[in-house]
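Look at the two complexes coming up: chain A is in both, with chain B in one and chain C in the other.
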Partner chain A sequence: MSVPTTLRCLVRPSVSRHVPRQVAAVVWAAPFSTSSSLAANPPKKKAGTQVASIRSGKKMQLGKFKKKAPGGRTGKAPLPGERKSVRKRIQLSNSNALPVQGLAELTPEYMADKRNAGTVVSLPGTVQDQLRVVEAFKPTQYWGMFRNPSMLVRAETVDLMSRMQQSAEKKQTLKLVVSGDRITGKSMLLLQGMAHGLLNDWIVINIPEAQELTTASTEYAPIPGTNPVQYMQNNYALKLVQAVRKANEKLLTRLTTAYSHPELPQNIPINSTLMQLANSAKEADGAWFVFHALWQELMAKGQGRPPILFTLDGLQHIMKVSDYRSAAFNPIHSHDLALVRLFTDCLAGSYQFPAGGAVLAATSRGNAPRTPSMELALSQREAEQTGAEPPKHDPFSRDYDTRVEASLKNVQVMKVSGVSKLEARAVMEYWAASGLLRKTVDEATVTEKWTVGGHGVLGEMERASLLTMRP
Partner chain B sequence: MASAVNSLRLCLRTTRQLQCLRVAQLQPPRSRRTLSTTPIRWAEKDSAEDEGDEEQTKNYSDFGNALVDLQRDRKYTEEERKQFSQDLQLWEALTPAERDGMTARIKSIKAATAPLKRPATKKKNSFWNEEEHDTDLITNEVGEDDFEEDDIVSLGHGKLEEHREHREYARLAVWEMPLLSKFAKKFEPPTQDEVLRFRFTSYMGEFHPADRKVVVEFCPTDLKVLTEAQQLKLKKLAGSRYNPEKDLVRVSCERYEHQAQNKRYLGDLVDKMITMAKDPTDMFEDIPLDTRHHIFKAKPKFPVEWRMNEERRAELEDQRKKALLLDESKRMNGTLVDGVRSIQEAFVTFPEPVASLQPAAARKGTSRSGKSQARVMR
Partner chain C sequence: MMASSRPCFTALRGVCQRRTTQWQQPLEQQLQALRITASSRSTSRRCFTTNQPTSESLSIEAAAEVNLDALKQFGSNSRARPVPASPSYFSRIPIFNDSYLALEKLIRTYGNLPTIPTSQVERVAWKTLRDYRQTIGEQVKAGDYGRCVGLVKRLHQIHPKLKPGPVKEALEAFKRDIQPFTNVATPVAVDKFGRAIGVGRRKSSTARAWVVEGNGEVQINGKSLADFFGRVHDRESAVWALHATNRLDKYNVWALADGGGTTGQAEALTLAIAKGLMAHEPALKPALRRAGCVTRDPRRVERKKHGRVKARKMPAWVKR
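Now for the complex of A and B:
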């Protein structure tokens, strides 16, 4: 049975013919070719019809700081010191302002005269130059708005000048601290004192910014042979000696030396002029010793020395621990800096000026560190002057400094506040005559500005009336 | 032979090429119809089983017949059947009237208990069995809140209740409060010896965690037993409990459970402080009185000199008059300075309309040499 079926399978063809084979209709391109393919170009996008993506133009910012876009600010960067010189520039004249006629010119006796209180007085050219040399003008003051530098003689000015004159007459030293609120005219009062001194043939020494001495911005070095160690600041001393020399040239050429100064590199024989001594400070090295020698000469008794005015602005800065460090990296107290020590000793009354004189210091309110000891000492002196109960130490406070209190034991305090309405009227008339205040200066205007300026605070009054005119 | 041919056939088959379009026709498994209109007819049961069931559910009209059947039934034991025969004898001893009565009684019991025997079925369209009787309710609450036009509204009832309360307190105030005056005591200010002032707190009998607290206040300068130095020492001992502005020492205690205990403690404490203040071994002279805990608040007061009175008014009037006079006299003299006019006059006196076009040096020269006509000062 199985044989025929098995044989039949031999007969049957293994491949049926009636089924057509599927042939691939794909035309193959060469799998590898060096010639570029000739495909049709993609259709061009139609302008306008394309919708912008939501995130177009936006980018995720991964870093904290953005990269600056290329381009930006072009042009030359200011040279080193250029910005500072612009900031510190003192302009004393404005040719666009009207010259004010009939202003009195400052004379030696003018500011000490009671009758001259409440007037505006102009500074003579020589005094302007001298004041500029000792840096009495401040860039924050409004000198640059007027034709000529002029100033208001106020009641406090008369008071201070008469005190200075009295002390010079009695050959005593006036030790006075000018304190008061912001922009009430403390630095201006110092300037007036200096002008008075320069006109009256006083030797004027001015430290315009006390912070320059203590904020570790000028070089310092220990003075050899001092115990406890004191520090000299030669660069600053050079600047100071030169300022003293230029401002007091006339006096210094007249005065002669009384001591020989072997510590100086240059030999200055006795009876040579003080000008020669001051001129020996040509470079920073040894400038402190030249200043010290000059100081010793000025202190020499029986040599016909003139009265001396020693002023400093920004008293708070020298009534604290300075930013300098000793070799052992301990903070240096400001009173261990020789120049500061000299000033504080004068303020404390350690030096007897041969022909009398004055030591004036002004506090600062705009830029000043807190000095609880100085504040307390000044308020105590003030209370003593008025006969009130002087305030006491806070027994649980650690901020007090005995050295500061010792230096301010014997000072007088002059509190400066707003000017009176008559004084305000005088100064406003000066503004109007200079063409800077376009108003009739009558009682209504004066009262308005006086009130807006916090009851006659001069700086505030200037802000209220002149600031729109400021360059 | 056959095996040889077969193996040959298998060899050929392995070399054979398969046809592309040959598809095996797979037969789906036979299944029942999924949908049908005719009912399913189950196989019938045996008839013998049906008859047995019928016998068991037979109803008897006479109780005696049932007993006879039970007596014969082989399912029961011998003892049970004997019991059934005894019951039958008792049944037959009864009169027909008694039998009828008994049958009727059994029927009535069956009828009464029939609903109890019926199994409890859940109602189909019930919502949380709402219609079911609640046995926990005392009254049948149906229709209780319906307003039947015979009462005032509940707000009115509330108002009436308020009136009643007021009247109750009014009665108390009129009739009973005057009787309290019998207990009134006259205020006696504390004497010089009574320097301690205690403060207690009552919450009217309610329990409160602060009701045990007692505070004592005293002024150290009132303690006449102490010298001045001792008083100062006492203030220093009191520390932050001393108020320098009011000159008072204030100490509180709530350490113990009862007010009396706390008060006792405070009294002892003050005694102890006084004895320590009197102790001369260390008078704390080197320690200043510490007031850092206290903030001195300055209360600004209207200055007396600012008060407006006739004098001040006259003074101000005088000042204004003087100022106006000054203005007027300056105007008459022509010394009143006007900023605008001084600028205009300067334009007249310095005819420099093209000042900005001139070279700087030349401009300077002219301005210096030009005669100024600006207002004269003073």
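Now for the complex of A and C:
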């Protein structure tokens, strides 16, 4: 017969001796606490008193492969915003690349000269800084592979620059949309336009990524007293004013205000410099009004204003209904955002720049929503330019947008495609001189890269010849 | 049971009696025995069945009488014994042996005729061992057949203008029914517009390429090379034939690619462009062959097998 369990109770104490005894120490507790004072300071287990399990540290391995330690990565996690800054970093120089001898430096008239088509030209330091401020350089471009930023002056560049120069001479506004296939150099053409403007003392205003305005990634607020309601984006406006101020410092210190601006919190008396006006945007609050005031001043007639270049990249993003919502939770059309409205009005020709200038927009292929109205309007304009029959609306589609079509009524379209073989040769010689292309640049090599790059699409040529060198 | 087995025994006895008396039979009957008729064979086989033998199965047909007068002309008829027509009659592979001997005889007879070098001999696909076995229905040994084919090849080497008729006839028996070497590819011609069309295949892709003289422009299905192939490697392999021969800046290509994936289409284009290029410049063939643009890669997707996850992959091991 087995011993009943009740008898065993007498032999062994029911409580393990290893459990430490509760120390009845006096624990100070807040007088008004409702929780138990012991809960605040639970008794700590004494190290060493616990008997280690026989199998502690040993585990039976059932699987063939060991499971990784919990947590996985051991490295330090990047700080907030660190990844983005790496992604968006612009590197304009590479000390490992060879300096290219005998490269011409960009001068104010260089790019408008027909004779300079098909040459590579380097950007002067001051212009580099200004372009960096207005965010004309893109992280996807291959600047970081070369010793100094240089660019190819192609036939389209000469065409665009001479059109810009003519419009400034005639005090007219050039309204032009750059469109074309993927990585053909549309953003590059905008950059060249900006470089040209900066060297020729134009005021340069650039919206580097139109999607930042419409994808609901920046703050917005209705502008009081507008009907229909328009929306300002103060944070973005502050960034824009600061970029305009830094890039055009020399001009803005020279120009003086023509109007008083009572809507601004800071009193800017007439005849103070535009720099002072721009400087008044210190915080996001009211930044839109500062930008608006600056714009009004730049539009002032008879004040000796310089030509203006207003550029925007990623046109598709502002030619659709934005991701913002009104107070009634209705979608806001992109053209109801004040800054976007300003640009589209310029593109439509509502503003006459006092000393002429240009409004340039570039479409995007890599990251762009589908905008049937814009596509149709651009193909119509293109057909009108060549004298062909312009395409018509699809009668069964409801995707068209009259506001978009109205804003693109008077634009010129510049189609960018591949470069000619001569231009390809110039740029490949530059690569070879920089030590990035280790081949003799002759007819065969040029044709090979030109063909593989889809008839001279510059980005594809770069991919085909430089990608192996990319870090 | 007993009743049913009795006729069977009688039948067996009948066979035994016939066998035992065979050696005592006169020569005429022995000669008859060699000519085994179908009916007599069937009766002897039936003897071992347990079935009730029917009356017609037991009927034994006598062979025709031997004409003794005809045999007398060979001399003493008491010593004559039947000899099969072929000496190989009692071997396992009589037909093969005969034909081997025939070939050897032909070599002895015509071996001194002038021959031509092996490289100039007309290419013929000879029967494989398996085919030959199937044709003659004998289990020929591989080594024997190899020696036989050696003789065949030696005879085939005789100068075609002097090759005698018997040799030609003997060789016919060893030729494969379908001669792949007689298939000649139709040559690609350059048409009046200067275009040469080449067709290439790889995996399950097909490509047609029209190659014309030009300056290095390539259009595939109406798109440029960069638009059509996202991968730079594919673009390079598509124009590899032109690139390897340094002709990229001398020709334009307008191509249609169909079926399969990107790699397949790119490599089908390699072949297609190479064939078009060879129509323009046939002398480039060795260079193109060295570049790997002439031979069609016959590999296809391997079929999936039952019991496997893919063609070869085995399912994961599961305990119990």
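Simple rule for what comes next: the second predicted complex is superposed on the first by the 401 of 471 C-alpha atoms of A that agree within 3 Å, B and C clash if a C-alpha of one lies under 4 Å from a C-alpha of the other, contacts with A are read in each partner's own complex, and residues count from 1 in each chain.
Simple rule for what comes next: a contact is a pair of C-beta atoms (placed from the backbone, for glycine too) under 8 Å apart; a residue touches a chain by one contact, two chains touch by 3 or more.
This is a predicted model, so every value here is computed, not measured.
Shared-chain residue A:V120: touches chain B; no touch with chain C.
Look at A:L103: by the touch rule set out above, it reaches chain B but stays clear of chain C. By the touch criterion defined above, A:E443 lies against chain B and chain C together after alignment on the C-alpha atoms of chain A.
In the superposition on chain A, A:S95 makes contact with chain B only, not with chain C. Contacts of A:A433 after superposition: chain B is touched, whereas chain C is not reached. Comparing chain B with chain C, the partner in contact with more residues of chain A is B. Of the two partner chains, neither chain B nor chain C is touched by A:E462.
When the shared chain is aligned, no partner comes close enough to touch A:E382: not chain B, not chain C.
Residue contacts after overlaying the shared chain place A:F396 against chain B, while chain C stays out of touching range. Under the contact criterion defined above, the residues of chain A that touch both chain B in one complex and chain C in the other are 421, 443. Residues of chain C that touch chain A in their complex: 215-218, 224-227, 232, 235-236, 239, 243, 246, 248-249. The residues of chain B lying in touch with chain A in their complex are 1-2, 5-6, 8-9, 12-13, 15-17, 19-21, 288, 290, 292, 320, 323-324, 326-327, 336-340, 342-343, 346, 363-364, 367, 372-378. Against chain B, the residues of chain A that register as touching in their complex are 1-3, 6-7, 9-10, 14-16, 19, 22, 95, 98-103, 119-120, 395-396, 421, 426, 429-443. Chain A makes touch with chain C in their complex at residues 181, 418, 421, 443-444, 447-448, 450-455, 457, 460, 463-464, 467.
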